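Input: structures, listed below.
Okay, so chain A shows up in both of these, paired with chain B first and chain C after.
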Partner chain A sequence: MPSYLFWLFSTIMLIGGAAVIAFRNPVSSALSMVTCFVGLAGLFIGLSAFFVGIIQILVYTGAVMVLFLFIIMLLDLKDEEKRARGFAPLAAGLALVVAFVVQLVGILSQSADKTAPDLDKQTLTNAAAQFPKDSKIAEALTDGRLPDIHLIGHTLFTQYNLPLQLLGVLLLVATIGVVTLSKRQAD
Partner chain B sequence: MPELIFQLAIILTKIVTLTFIVVLPLVPLSVYFERRFSAIIQDRVGPNRVGIPLSLLGFKKDFHMFGLVQPMADGLKLFLKEDFTPAHVRKAFYWLAPALTVVPALITVCVVPFGSPISIFGHAEKLVIADIDAGPLFVFAVSSLTVYGITLAGWSSNSKFPFIGGVRSTAQMISYEISLGLSIIPVLLYFGDLNLSKIVQHQADNGWLLLPFWKDGKIGLPDLQTAMFWIPAFIAFLIFTVSIFAETNRMPFDLPECETELVGGYHTEYSSMKFALFFMGEYAAMVIGSALIITLFLGGWSVGFGLDQYISQLHIGSFHFGGLIHMGCFLTKLLAFILFFILVRWTVPRFRYDQLMKLGWVIFFEAALINVFLAALIIAAPSLSTPIIAAGAILLAVVTGAIIWVAKVSEDQPKPLRA
Partner chain C sequence: MPAYYLEALTITLGLILLMAEAFVPSKSKAWVGILAALGLAAILGLTTIAIGPEAKPDAAWAKWPLWNFYQFDSLAIFYKSFALVCTLLVVLLSIDYRSILARFTDHPGSENGTGEYYALSVFACVGMMMLASAKDLAGAFVSLELVTVTFYILVAYMRRNIGSLEAGVKYLILGALSTGFLVYGIAWVYGSTGTMSLAALPSSIANLQSTTPLLFGIALIMIGLCFKIGAVPMQVWIPDVYQGAPTPTTAFLSVGSKAAGFILTIRFLEPLLANPATSGPVLKLIFILAIATLIFGNLAAIPQTNFKRLLGYSSIAHAGFLLLALATGQAETADAPGAITVVSFYLATYLIMTLGVFFILAQVRIQRDGERIHDFAGLGKSNPLLATALTILLAALAGIPLTAGFIGKFMVFSLAINAGLWWGVAAAAIGAAAGFYYYFNTIKAMWWTDATNTTPVTLPAISKLCVATLTVATLLFGFWPQPILALLR
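== the complex of A and B ==
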């Protein structure tokens, strides 16, 4: 990704993130969060992870945040806008940030300083050797394209098949739980 | 560096031509078609007068052009009308909302393949702005942002009916996004690819998904697997088309702007060009929705009948102009589908809100899920042994029966909660 695009999207993301807590109005905050997510999706796409970027928009921006907004709009916002902010939440937030930064510095100082290989034709063709000759993934790789969706699918369904199935069951249980809870009759 | 500038120039040309010269004029054109076609359905005449006023220049008669200039006159009127902002609205969001409905609809244009590649002087150029490998997902992701425009319009208007319209729209769009996404999984399984250009190329070579009657340039009956796949493909087509109607807030699902209940719904407080932008957004979404349906199910730019190979090879000197013919074919199909949208709007009565939700969650969601398994079974059948196929088919039938039974049971009215 050209570096100016990286700076553009990370600026969008940071401004969005800062605006989430800076705005008094919850609807503005939710929309800033959407901006932040769009910036994040831009960063993913810049890293050639088209699928992750698009799913980021589809799931978080298009579904989760819409539901957030939906709920926020049904609330009485006047109270929220007037509420004064105490010192305690601010301190807790700062402590979290500091803890996170310390952790990040700790991890970064211990990991080796390596650059990932460029996604040029040579790297991709070499990677194609790991897959069966006539598969779609190998074809795309020898073409010099990164078939990210096929690769994610391949990894999920071969390497992480059992966790994937378990997650599916977990989601199903959660869905059924929600339906039964919301349909429970008082008698 | 010159190479980079050349590429940028090509991309810019494609964006300007395909978005602003091909797709955007389709919006006023479909408004014109809407008015004329509804007039035909209701046995009226419709706008047929606005043309070139030649009598102003001293000629004897005006040139009416079947009223084709009407949309331009309408647009001019909307621009010149007073742009009134009510005092009780939340200004920033009120101004943002119309833009948020139009912009996503126009962004999605960039992955639609308009025709086969054209080449001049040995330089081939695809007739698609961004040929990315996640076409349909990109369209869903970006068009899911449209909901913000409508929701914010309803909320920022700060009055009763727009707000109800906005809330209805949010619930409706989220519900139908699910069946929209699930219904095309069989199609993606079949093509094994998410690149829209490749999907269309595959259909041009092997027959359209809903008309698989030619292969490699020869007309003939499809093999057993393709013929069997026609069933899940058709179910997917039905669910997808109806969900697109719901996603674009078109009749019979235009509950968010239902005028008998909500005045004008989410755009009640809007006037002038801001009001027109909502309509532009709706029509642009309709154009893109039709384009997606055509691309996935009806062969995209492909002319069909095994003629595509021949058309791509047509050339004058080094200029291969087959892509332009394909583009014409695509636009013809697009117009036909827009006419279908209009026909449905003026002939089918509006749904009730509970019926709408039921159709989305109880019928389409389950049907799309079962359809995924059916399609997977048909696609995997050649590599499975007969007992496994039979077991799969029986299992599928049992699951289908169970789901229909549950849907029937859930129709019983629950006892009211005691307060």
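== the complex of A and C ==
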């Protein structure tokens, strides 16, 4: 990805992130979070992770944030705007930021810079050898396209099949939980 | 039978229970629990004929990528059986506890809200069984979340009881926090070694230039695991959640969830201890956690007046003993059991003693409407047999000779002495002494305190059978521990 696009999307993300905590109105904060996620999706797409980028917009920016907005509007958080800001939360937040920065600097200074290989036709054709000859993935790779949805699906349903099925059970349990904990009392 | 059938059958059992509970019209829901118990017992029987891919390398299923996430050795069999036995007993306990569950769920007069409880316990059991076979951090994380999310619901299950709801919220928030630590730690381990597979970790560690990022990741994962096993620094939730949650859930948390946390810790530490670059710092970290947990759990238990809360602190204290055994890092030798064997044996005896106590506690809660130590007063006069059983179980928890609890504690002490962990031995000795004091406080209340409430407690048939079996087992394994040890070979 051209570096000016990286800076553009990172700036959008940072502005969005700062606005989440800067705004007093919860609805404005939630919408700033949408901005932040859009910037993140741009970064993903710039890194050739097209599917993850689109999912970021569809699921997080779309579905999850709409849910957030619904909850905020249902709860009617008027008091939040009047509340004074204490020193303790600010200090705790800053301490977390410092901890993250220290970790990142520590790691980045220790590890050598690496450049990811370009996704040119040669790399993709070489990768096609790992898949059965006439499969969709191999065809797309020899054509010089990146079939990232197919690749993710292939990984999920072969290599990560067991955790995926367990996640199904987990979702079922969560559904049962919501029903048992929130159903109306019988008369 | 391929080993993963065990989990598949347990999930199927949970689904059958849900369907049956929803579509079979019946006033009492006890039969759902009995069906669950029968199913779990059948699956427990099937563990004896389950085989891993090594036993049949030519079969088609032996080549599936599933085995990258699933291992099947004697330790896996032991902890799978452990999860099944624990769930079985918890389900039996909740059958007798359903009057309270019904009072605080749907409608005081009907049991309609209690059916899902059994199905949820079975689903939690699936997660614990998967953890026993953990081989990859990604797979282990999903299994661990299955256990944790199920427990969020089980803790808050009595939704018309303010204590249960409060416990549920506390457990949810602290559980989410610890999950955050765990995932962040896994990310660091993956970032520094490039693998999430526990089998591939040793070779990756050997190629590392600097272990600092890896150790940081390990420390974060240990914080997440400490939440599960109830050890310092993530022990704060235990007393409140144990007190507020429905009694069967508390029993499940203190035995099943703790054992699941320990098997994951064992699986996670195994590759780390194989390499001298990581084994030193990791053992030191666990040693410090063990001492802090021993001191905190035992000393904070002394002033407690609520029996359920006391059991919460006692469960922290036992986690301290178990961590101390792990901190020795001793391998198995011909004449002495290793750290993993000792931890597993200790957990097995802990299951027997703790669940026995919870069966009695649940009935005292129902019939005397209280869970304070004070509510046990006069039990020696009104129910001498029951009081004797509880005395034996509590004495075993304290570690009196000729009970199963003594052998477990003795093994931990001898491991720690062999490894030369003298500070650990001192902390454990203080802990054991404090344990005598607070367990005997309850025994004293039962036999020698005059009661205001002298109504005799009558145990229902299932509870009576379970208490009798567990008490006899406590005494039996006190001088004949070989059957449990044989399972660990």
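Just so it is clear, the second predicted complex is superposed on the first by the 177 of 187 C-alpha atoms of A that agree within 3 Å, B and C clash if a C-alpha of one lies under 4 Å from a C-alpha of the other, contacts with A are read in each partner's own complex, and residues count from 1 in each chain.
Just so we're on the same page, contacts are C-beta pairs under 8 Å (C-beta built on N, C-alpha and C of every residue); 3 or more make two chains touch, one makes a residue touch a chain.
Quick caveat, the model's predicted, so the values are computed rather than measured.
Engineer: Answer with clash or fit: chain B and chain C placed together on chain A by superposition.
Structural biologist: On the shared chain A, the partners fit.
Engineer: Just to be sure I read the superposition right, which of the two partners does A:Val27 touch: chain B = first, chain C = second, or both, or neither?
Structural biologist: After superposing on A, A:Val27 lies in contact with chain B but is clear of chain C.
Engineer: Tell me the contact category for A:Gln110 with respect to chain B and chain C: first, second, both or neither.
Structural biologist: second
Engineer: Touching A:Val102, do we find chain B (first), chain C (second), both, or neither?
Structural biologist: neither
Engineer: Per the contact definition in the header, classify A:Ala92: touching chain B only (first), chain C only (second), both, or neither.
Structural biologist: Once the two structures are laid over each other on A, A:Ala92 reaches no partner at all.
Engineer: Does the superposition put A:Leu14 against chain B (first), chain C (second), both, or neither?
Structural biologist: neither
Engineer: After lining up the shared chain so the two structures overlap, which partner does A:Gly177 touch, if you call chain B first and chain C second: first, second, both or neither?
Structural biologist: The second partner, chain C, only.
Engineer: Which holds for A:Ile71: it touches chain B only (first), chain C only (second), both, or neither?
Structural biologist: neither
Engineer: With the two complexes superposed on chain A, say which partner A:Lys136 touches: chain B (first), chain C (second), both, or neither.
Structural biologist: After superposition on chain A, A:Lys136 lies in contact with chain B alone.
Engineer: Report, please, how wide the angle is at the C-alpha centre of chain A between chain B and chain C, in steps of 10 degrees.
Structural biologist: 120
Engineer: In the overlaid three-chain picture, find the nearest pair of C-alpha atoms across chain B and chain C and give that distance in Å.
Structural biologist: For chain B and chain C in the superposition, the minimum C-alpha gap reads 8 Å.
Engineer: Pick out the shared contact residues on chain A: the ones touching chain B in one complex and chain C in the other.
Structural biologist: Residues 183, 185-187, which sit in both footprints.
Engineer: If you look only at chain B, which of its residues touch chain A in the complex?
Structural biologist: Where chain B meets chain A, its residues are 92-93, 132-134, 137-138, 140-142, 144-145, 147-148, 151-152, 155, 163, 166-167, 170-171, 173-174, 177, 192-194, 414-415, 417-418.
Engineer: Taking the complex as given, what residues does chain A use to touch chain C?
Structural biologist: Going by the criterion above, the answer is residues 103, 106-107, 110, 158-163, 166-167, 169-170, 172-174, 176-177, 179-183, 185-187.
Engineer: Touching chain B in the complex: which residues of chain A?
Structural biologist: Residue list for chain A touching chain B: 27-28, 31, 34, 50-51, 54-55, 57-58, 61-63, 66-67, 69-70, 73-74, 136, 145, 147-149, 183, 185-187.
Engineer: In the complex of these two chains, what residues of chain C are touching chain A?
Structural biologist: 4, 11, 18, 64-66, 68-70, 105-107, 110, 112-113, 116, 119-120, 123, 126-127, 130, 138-139, 142-143, 145-146, 149-150, 152-153, 156-157, 159-160, 191, 209-210, 212-213, 216
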